[in-house]
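In the two complexes that follow, chain A is the common piece, with chain B as its partner first and chain C second.
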Partner chain A sequence: MTARIHPLLGAFAILVFLFLLAPLVIIVGASLSDTTYLTFPPQGLTLRWFANIFEISAFRNTAITSFQVAILGTGLSLLIGIPAAYALNRYRVGLPKWLGTLFILPILVPEIVFGFSLLKTITIGLGLPVYPSLIIGHALLVLPYSVRVVGASLASFDFSVEEAAISLGCPPLKTFFTVVLPNIRAGVIAAFILAFITSINDVSISVFLTGPGISTLPIQILAHMEQFFDPTIASVSVLLMLVTVGVMAIVEMTLGLTFLTK
Partner chain B sequence: MTVSLTIENLSAHYGQTQVLKDLSISVAAGELVSLLGSSGCGKTTTLRIVAGFLAPTSGHVKLGDRDLTTLPAHARDIGLVFQNYALFPHLTVMENVAFGLKQRGISSSDRAKRATAMLERVGLAPLADRLPAALSGGQKQRVALARALVIEPPLLMFDEPLSNLDAKLRVDMRVEIRQLQKANGTTSLYVTHDQEEAFSISDRVAIMNAGRIMQLDTPEVLYQKPANAFVARFVGFENLIPMKTVARDGVIVTAEAAGGARLHLSQDAFGPIKDDFVLATRPDGLVTRGTGEGIPATLGTRTYLGRAYQYKCETAAGEITANGALSEMFEPGATAVLVPLPEQCCILDPEN
Partner chain C sequence: MNKFAKWGLTLPATIAVTLLLVVPVLITIATTFGEPKGVFSTYTAFFNSGFRTNILYRTLRIALITTAISLVIGFLTAYVIAQMPGRLKSIAIIAAVFPLLTGVVVRSFAWLIILGKNGILNSSLLSLGIISEPLSMLYTEGSVIVAMVYLFVPLMILTLTGVLEGIPRDVVEASASLGARPIATFFQVILPLAVPGLIVGAVLVFTGSFTSYATPQLLGGEQMMMMGTLLYQRAMVTFDWVGASTIAAIMVVITIAVVSIMSRIARRLNPMAV
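Let's look at the complex of A and B:
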């Protein structure tokens, strides 16, 4: 037996899906077009624009930078975010309410403002080189995800379990690693993935922090598009999409996607 | 190894609020003492200070002649059983029980041996490889008990361990806890808000109120000879009637309640009676009769209890709840006399 669905509701649902998926389909199509300009539907089929990505060294280099910045920045944000989330949950009663909000400021402040203020403070103020600036900037950008997602995991963690371990002779720091961390593992992984994807796709922070010789992939895509309006852009986008889909597929197979939306 | 627990002049504050006021308790080696009181009386705070999770403002906690007061919680060697079990969700039953042994650097073969032996004692050996999520509430609490006992702690503490179980299981589990505690001879501190549970499981019970111990005694003494009005009310002496001695004749004291009702009380039954005292009774310590020596009353609501009727009564000494025989039923509004049964009453000093 199936539930009865009004035909209009079904049609509306299909429209929504089309709306969501159409741009992706168009990009995939455009990336395969055998023309020197972006077009849809594709005229002729070729993979040469994908080959072209690997011939342009700027794409290779910025892709490597993007991955490094995303991994290091996300790692740094977790190093700050996990202890912060722990403290916010463990000592919830004694802490002022606004303290938790402080950690999500980077997504509340317009990114362009945030990017500019990072430029002013890190790059100009502290005079840090481009690479560490990018890592610090991205770490701050994704910190809200680390704190909130790990925090959501900790919110359902029973801290008397921690006390039980301590009463059995396990020192507090060891308790954190042997008892608390294994129980919030899913939250940490989810936070890592959300933060990683946010970082690797970021334009507005990176545009301020990248400098001579060092850039990230999204910035390079923009730069390339200003000079050449060819299907390379589409094929890079498809590759980025495949990376995201690949990460999601691994998550789905190992943990199930539901915890990302929990 | 059995040692005593001594809590000396413990005071504790949450911010400006004082939650423990100069609290002292000694638990003899091998004894089980309960802290009994309603929420907010300070019983859990006391337990958490002994466990090392909270620091007292002043006072000391000693186990044998070892002063624990400034020792970190993980170095105290105390077995703890929590209300919500607090099992490690990511570890199997066996790993849960072996956790404390692992912290003590015991080899993995010895760990397995001792944990298995402990699981057999609580009847859970067949479930050793399960995760806590696959256990029932009673099984979880048995694992928690095994986990706390296997480290052979000199002190065992229970924080409302049975509150999350259903009524039948609560009774079974408290018998089981008591048997294990007695067999091991482990000195124990047991926190509960359930009077029946405290009385049935303990050697002695400390009734607490507002950060103080109101009385620390055996369940029998608490139930029959409460020391003050608070404990009397707590153990069911609903009627507290202020009395004044008006005449003494040998051991017989004639006393008057508000409104002039006179009672003759024997000091043989009650012990020495002061000039001002409070007569405390449970509803079944007063019999409602048509006539006799007692307190005149106008009867109100009648409740059928099965073994007796219970009446809400208006008297010159205030509202009193009294029972009456099934053979002699009164209608609301009737007048009667409330006759105290000496063996069911006790005398309180109003100054306590």
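Let's look at the complex of A and C:
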């Protein structure tokens, strides 16, 4: 669709983008301020708050945990999600409809309810340690991305190519890895990225699944904020924004960012 | 073989979701009916407590207001983005995606710096002489709503940009060539075609804000608790697990009701699906 834009509407859109980006600019400014409290515009410039992050071992440890949990959780979700997405698209007839709904339940059920229920039944009820519970929680949280995003790219895959390979004598598993997988590469990468970023930013599930010595970075940031209100938090936030920039660069290089509006 | 593959491939994910999500959530809900005082006693206790029902109504109110504001801002902005030429459009999309991919803690924290007692807004209003004493803007419904709108507008913009770009150009041109003024085209052609997308966006924002935890925790505090923060407080601070499970059950019922009713309405209102 194409139509002309009223200047007032254009001005409104510019204000919206200012509203979206100004708070992030303020965080960057506050992280550079040479004061012991958070302020903007920064008074004096220093990088000592960034150095301070590395002095606090809790930030380092939780960052490592967050990263591990995101990689393992996303990996697990792809491991069970890709076969499910494949079956849903390959054998569209014959599989019950509720199966598709089942796999998106993790986004339908409120995250905070899911986190609490996991703690109650798996961690405390069955006595599973916190760390594997955390990975399970994150793997399920991101499963819908694995099934739906990979599924979207399987939907446009021509399965007759696969049948041709098989009828020419290629074993099914080898066909999957050499014919199907390369064709849905973009979907797998997209699912991985969306899942990873969702996991690394998660609060509502992780907040229940932390224990002695195990916590994730967002939970540690919340805890730190309750005691200190210094620019350290702003500098941690800037580092997290740099992770976002990195992720966006990967998306742009592999799929193009317009992918995200589809 | 086919039959085996068909079920076998979906089996791991089916088992995982069933055993690790459906069963735990159902157990949580089931425990609320096992009280010695009666099957529904925890629910009557919840709805008889002014404190707790206030939190439920506040959560619904905040979620509704956030949804309404995000819809208007998101739709108008997406409309502008959809008309932009290619290069500008990519920049606009990057500007919307970036906050979306930045964590909820970071984005809520930004509003803590802006709205705090010694925050940016107070200090600029003071130095401009508009106010003589700093206002307390944090820990109000307003601060939670501002931060939530900030959280969800990018999601709305991206959802609706996709929807608006999907509207065939011919339809808009046909309307114009038949003499409709731009404003009439907007209200009589574009808006009705966008309704299903608007509903999808509204459901995403409503459920997201209704069940949020981090934002009310940071910007609402104890004074402006919402269902998510109340659940956490009951479970992890006062260890009232039945109370927490009751809150969880109420949240699940409301969320699923909203999603299923709205998606049914969306399907019925879709003018292209005739």
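By definition in this document, the second predicted complex is superposed on the first by the 250 of 262 C-alpha atoms of A that agree within 3 Å, B and C clash if a C-alpha of one lies under 4 Å from a C-alpha of the other, contacts with A are read in each partner's own complex, and residues count from 1 in each chain.
In the analysis below, a contact is a pair of C-beta atoms (placed from the backbone, for glycine too) under 8 Å apart; a residue touches a chain by one contact, two chains touch by 3 or more.
The structure displayed is predicted, hence computed values, not measured ones.
Superposition of the two structures on chain A shows chain C fitting alongside chain B with no clash. Look at A:V247: by the touch rule set out above, it reaches chain C but stays clear of chain B.
Contacts of A:I122 after superposition: chain C is touched, whereas chain B is not reached. Angle at the C-alpha centre of chain A formed with the centres of chain B and chain C, after superposition on chain A: 90°, rounded to the nearest 10. When both complexes are overlaid on chain A, the residue A:P182 reaches chain B alone and has no touch with chain C.
In the superposition on chain A, A:C170 contacts chain B only, with no contact to chain C. Looking at the superposition, the partner that touches the larger set of chain A residues, chain B or chain C, turns out to be C. In the superposition on chain A, A:S160 makes contact with chain B only, not with chain C.
In the superposed model, A:V149 lies in contact with neither chain B nor chain C.
Of the two partner chains placed around the shared chain by superposition, chain C is the only one that A:I136 touches, whereas chain B remains out of contact. Once you line the two complexes up on chain A, you'll see the smallest CA to CA distance from chain B to chain C is 8 Å. The contact surfaces that chain B and chain C form on chain A in the two complexes overlap at residues 172. Only residues 1-5, 9-10, 12-13, 16-17, 19-21, 23-24, 26-27, 30, 37-40, 79-81, 83-84, 86-88, 90-91, 94-95, 99, 102-103, 105-106, 108-114, 116-122, 125, 136, 139-140, 143, 147, 172, 197, 200-201, 203-204, 207-208, 218, 221-222, 225, 233-234, 237, 240-241, 244-245, 247-248, 257-258, 260-262 of chain A touch chain C when the two sit together in their complex. On chain C, the positions that touch chain A within their shared complex are 2, 5-7, 9-10, 12-14, 16-18, 20-25, 27-28, 73, 76-77, 79-83, 89-90, 92-99, 101-107, 109-114, 116, 118, 120, 150, 153-154, 157-158, 161-162, 164-165, 167-169, 171-173, 176, 182, 185-186, 190, 207, 210-214, 217-218, 228, 231-232, 235-236, 241, 244-245, 248, 251-252, 255-256, 259. The touching residues of chain B, when paired with chain A in their complex, are 51-53, 72-80, 82-84, 86-90, 99-100, 103-104, 144, 147-148, 151. On chain A, the positions that touch chain B within their shared complex are 158, 160-161, 163-172, 175, 179, 182-183.
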